[in-house]
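Some structures are shown below for you to check.
Below are two complexes that have chain A in common, paired first with chain B and then with chain C.
Let's look at the complex of A and B:
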């Protein structure tokens, strides 16, 4: 029982970080009807930023988090500017272009660090012990920070003018344009916010997992699974989906072994895809939501 | 001394010089330099590019150190040794091409090779040329030695089996953890390591309380390490092919406050592991074949020369390159000439040699036999913990 409690705590902590990464991806998909294959690399860049600031420049790692958000956001805006024309002409080309960006970034990071994962010191050393549950302070910071960021994103989407514009564009792009909403500006903001969420998650997790140039693809796949579980376009859904996936993975490790843990996530993905539609038709009114 | 006797000596010297000039140095009609010394070319196949480049360059640095010493001190009278290097890029195809390039130049003594797949490919190519002596420096595979039809192929480093016997035996008999959790990467390597562990620790000493195989792309080991803690293990054995994985695991274990003895498979104890893991890798032990502090004359000469040239202490990979050249040239000297490579091979097999690792002999297959070292990490330094006698 103690082991299960410990793993539950692990799962929730991990799931909250998953949620932060997935929230940005979900937002992008719903707002622009596109998938950014470089989303995982934004996570890596967030980690690199934290590494550069705390290890190479010997500055506070909290400052690294600022850079962890800023660098991916800037790159995302540049990507949007470059891809904007392609998006208008052929959405498939956007997928291919973001995939190319993903490869470019991961290879550049790999080249910069000779393909070797880089260790980053924890923001705060030590672990919190509550009965059978032991969580490092770094994981607690990552989990709490991710929760705050996701909640802030939900509030921003629901309450702010820009958030309402974003939801309008997602609902009806042409209609939003007609009433005077600058859709290109909204798209730019969506790209930037997606970069911020992934970069922040990467910055939080860098001291836990080290900064690896090859972490982007696994993170991208996990985020995709969370998006599907939680519902495409729903940030609240990403939060729920992230926690569900994190807990399921942790309990699988505890009860069956780590080698089954990735498989369980994909099985959950299939189950959700197969049964969500019929359940929604039976029980819920279909509604397109952002948050 | 009479004039006839001096003339006799003079003629004898001329005759000896002519006889030496007739030695091909591994090639027919071997070149001589301006001083009339013959150039003995030794082929060195090693990865200079690709993922294994760092191991190949390290071995080459060691080999060149040996060549410089032999040339500067004139240890092989009448010969100047020259390394002819070819890049195998860590791939079997390029390795086979590299061998062919050397063989086309008439070079019949080949060494180097750090990857097992490359060694197997080169050994296959060598098998068509019965006069070629192939001395494998760093590749661990026993296949080229077991499958040779002549006695012309040698292996310098330990095999995986030799490392496992020493490392796992030491953990069982000396370190004596009561309960060990085993975490292995999901690869052929990890599976083989797990099998070795299970075959060595059969009587419950130590008891394997947990055995998990993880995907190599896994970076967050928190759930796995929580499980290790819950298993009650007092030892944690990590089997991986690269230093990044044990560095990440032990870093996260440290963050969790996991208090366990730390063990890893052989081949990873290096400055790269210390750099990747920091304080978290202090206390790790594993098996290796070399440490710069080994107290023997060969190693002292090597360490002094290497430090002078490279401004750092040598590693196991450097020593493999150095000893490869030292043993080959020692055997050439013993045989009297590099021309008869079979005589050189016979000298290698039958001799008891000194090396940077201490006393060294070759078994019936051509595998070098030396003691195995248990290396630890203490305060960020690689230290010699113990010796497992061969």
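Let's look at the complex of A and C:
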């Protein structure tokens, strides 16, 4: 029982990070109707930025987090500039092109660090012990930071002018253009935001998981699962989906063994796809409007 | 459309038929090993193309069938001593069942959701292969003992014989798919791709056409996997991983989906290009990805698709540039 409580707490903590990675992917998916295969690489780059700042430059890891958001955002904007032209015409090719970007990034990172995962020291050492539950401070920081970031994203989407135009474009691209919204600029912002979310999550998790060059693909797949569970385009849904996936994975680790935990996401994904209609009606009655 | 298919189909078959004896007689082991890998990747790509090209659904899980075929072949050969033929049969049956299950589960899905469902199903297969250590030895993988390397019990298979089989099977599969595309079922399937509602109105059942395509696709990929296993004699769970599914996807999109020659071009490029670039390891992958990116941006319809639209050679290139500038002017 104690082990299960511990796993539950850690599952929620991991789930919040999943939610942050998935939030960006979800916005991109809904807004541009495309899949960014390099989304996981943003997460890896966030980790690399944190590693460079805190280990190689001996600066504060918190400064690393700023870089962890900035670097993927810039790359995302460049990707949009290059791929924007083929986006509308051929979504399949966007898939292929972003896959190429993911190969380039992950292999360059692998080359830079000779393929070896790089450990990053925790921002704050130690752990919080609450009865049977042990949470390292780093995990707490990652979970709390992710939660704050996701909530901030939701508030931004709902309250700010840019956030609203972003939702407008996702809801009806043509309509948004008619009322004078610069859809290309909005697309660029969506790309940048997706980079920021994944990069930040990567920065938070760098001390927990080390920075490994090829972590991108599994991270992206996990984010996908969360997006589908939570509903495409819904950041709040991503939050729910992330926590559900984190908790169910953690319980699977406690009850069946760690090797079966990757199975959970895929089974959940299939179940959600099968019963997509009913679940949507139940949970997301207003899901045409994102956020 | 039909004429283009004929030309392409004949070119593909001709390439394979000419390459086969030339490679066998020249007998340069390095070239032969590359050719074998191209043919195996071709089987994987062409199997995905049945789904992607003729139903417009994207499968992210083609490696599941490839992996099931490969593992069935080695396990059947090792434990039952039934050789490649027995292994292929077992693999085909298992893959057919898997294809029917996946296509019935996902029959209401389309677009990205179908892709995700196939990915989930494939990853489940992958994780089971990875974790069923008693049967598959997990991450260690399997190896095929020399004594089990037989076609049927009593008929040993040399490395060269496996090469002959791979070439022979790719030709047979190409002819089979060529005939499928031109058959009534094939035409109905393409009809569903073009307009599902209209097809349904004249009595075609879209879900049935999709199931048939998925079944063919799974069986072909499974045979490819079995040949892969016998060609290399060793096997790791990686054959059922997302990496191979992605590879299949890339080969098809690169070559041109819905074309018969496209998957062969895709397979050849994806085998030869990394070798030709000569860079090993991470930087080789980077160079490969850069070339891929450039081709995607310049030839959005795939290599064969772009040539088929604009014609080959200098005239085609000029036509393509003209079309491009015309499009730019419009926009």
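By definition in this document, the second predicted complex is superposed on the first by the 281 of 291 C-alpha atoms of A that agree within 3 Å, B and C clash if a C-alpha of one lies under 4 Å from a C-alpha of the other, contacts with A are read in each partner's own complex, and residues count from 1 in each chain.
Going forward, contacts are C-beta pairs under 8 Å (C-beta built on N, C-alpha and C of every residue); 3 or more make two chains touch, one makes a residue touch a chain.
Nothing here was measured: the structure is a model prediction, and the numbers come from that model.
Asker: With the two complexes superposed on chain A, say which partner A:209 touches: chain B (first), chain C (second), both, or neither.
Answerer: A:209: touches chain B, not chain C.
Asker: Could you tell me if A:259 is touching chain B, chain C, both of them or neither one (first, second, both, neither)?
Answerer: Both partners, chain B and chain C.
Asker: In the overlaid three-chain picture, which partner chain does A:274 touch, first (chain B) or second (chain C), both, or neither?
Answerer: A:274: touches chain C, not chain B.
Asker: If we overlay the two complexes on their shared chain A, which of chain B and chain C does A:99 touch? Say first, second, both or neither.
Answerer: A:99: touches chain C, not chain B.
Asker: Classify the contacts of A:122 with the two partner chains as first (chain B alone), second (chain C alone), both, or neither.
Answerer: In the superposition, A:122 contacts chain B only.
Asker: So, A:136: does it touch chain B (first), chain C (second), both, or neither?
Answerer: Only chain B is touched by A:136; chain C is not.
Asker: Of the partners chain B and chain C, which touch A:6 in the superposed model: first, second, both, neither?
Answerer: Only chain B is touched by A:6; chain C is not.
Asker: Between chain B (first) and chain C (second), which does A:250 come into contact with in this model arrangement: first, second, both, or neither?
Answerer: first
Asker: Let me test your reading of the model: by the given contact rule, A:14 touches which partner, first (chain B), second (chain C), both or neither?
Answerer: Only chain B; A:14 stays clear of chain C.
Asker: Of the residues on chain A, which ones does chain B touch that chain C also touches?
Answerer: 115, 217, 259, 262
Asker: How about chain A: which of its residues touch chain C in the complex?
Answerer: 29, 35, 82, 86, 89-90, 92-93, 95-97, 99-101, 103-104, 107-108, 110-111, 115, 217, 221, 224-225, 228, 259-260, 262-263, 266-267, 269-270, 273-274, 276
Asker: Under the touch definition given earlier, write down the residues of chain B that touch chain A in their complex.
Answerer: 51, 186, 212-215, 217-220, 222-224, 226-227, 229-230, 244, 247-248, 251-252, 255-257, 272, 276-278
Asker: Which of the residues in chain A end up touching chain B in this complex?
Answerer: Against chain B, chain A makes touches at 2-3, 6-7, 10-11, 13-14, 115-117, 119, 122, 125-127, 129, 134, 136, 138-139, 205, 208-210, 212, 214-215, 217-218, 249-250, 253-254, 257-259, 261-262.
Asker: Quick one: which bits of chain C touch chain A in the complex? Just the residue numbers, please.
Answerer: Within the complex, chain C touches chain A at residues 58, 105-106, 109, 112-113, 116-117, 119-121, 123-124, 127, 130-131, 242, 246, 249-250, 253-254, 257, 281-283, 285-286, 288-290, 292-293, 296-297, 300.
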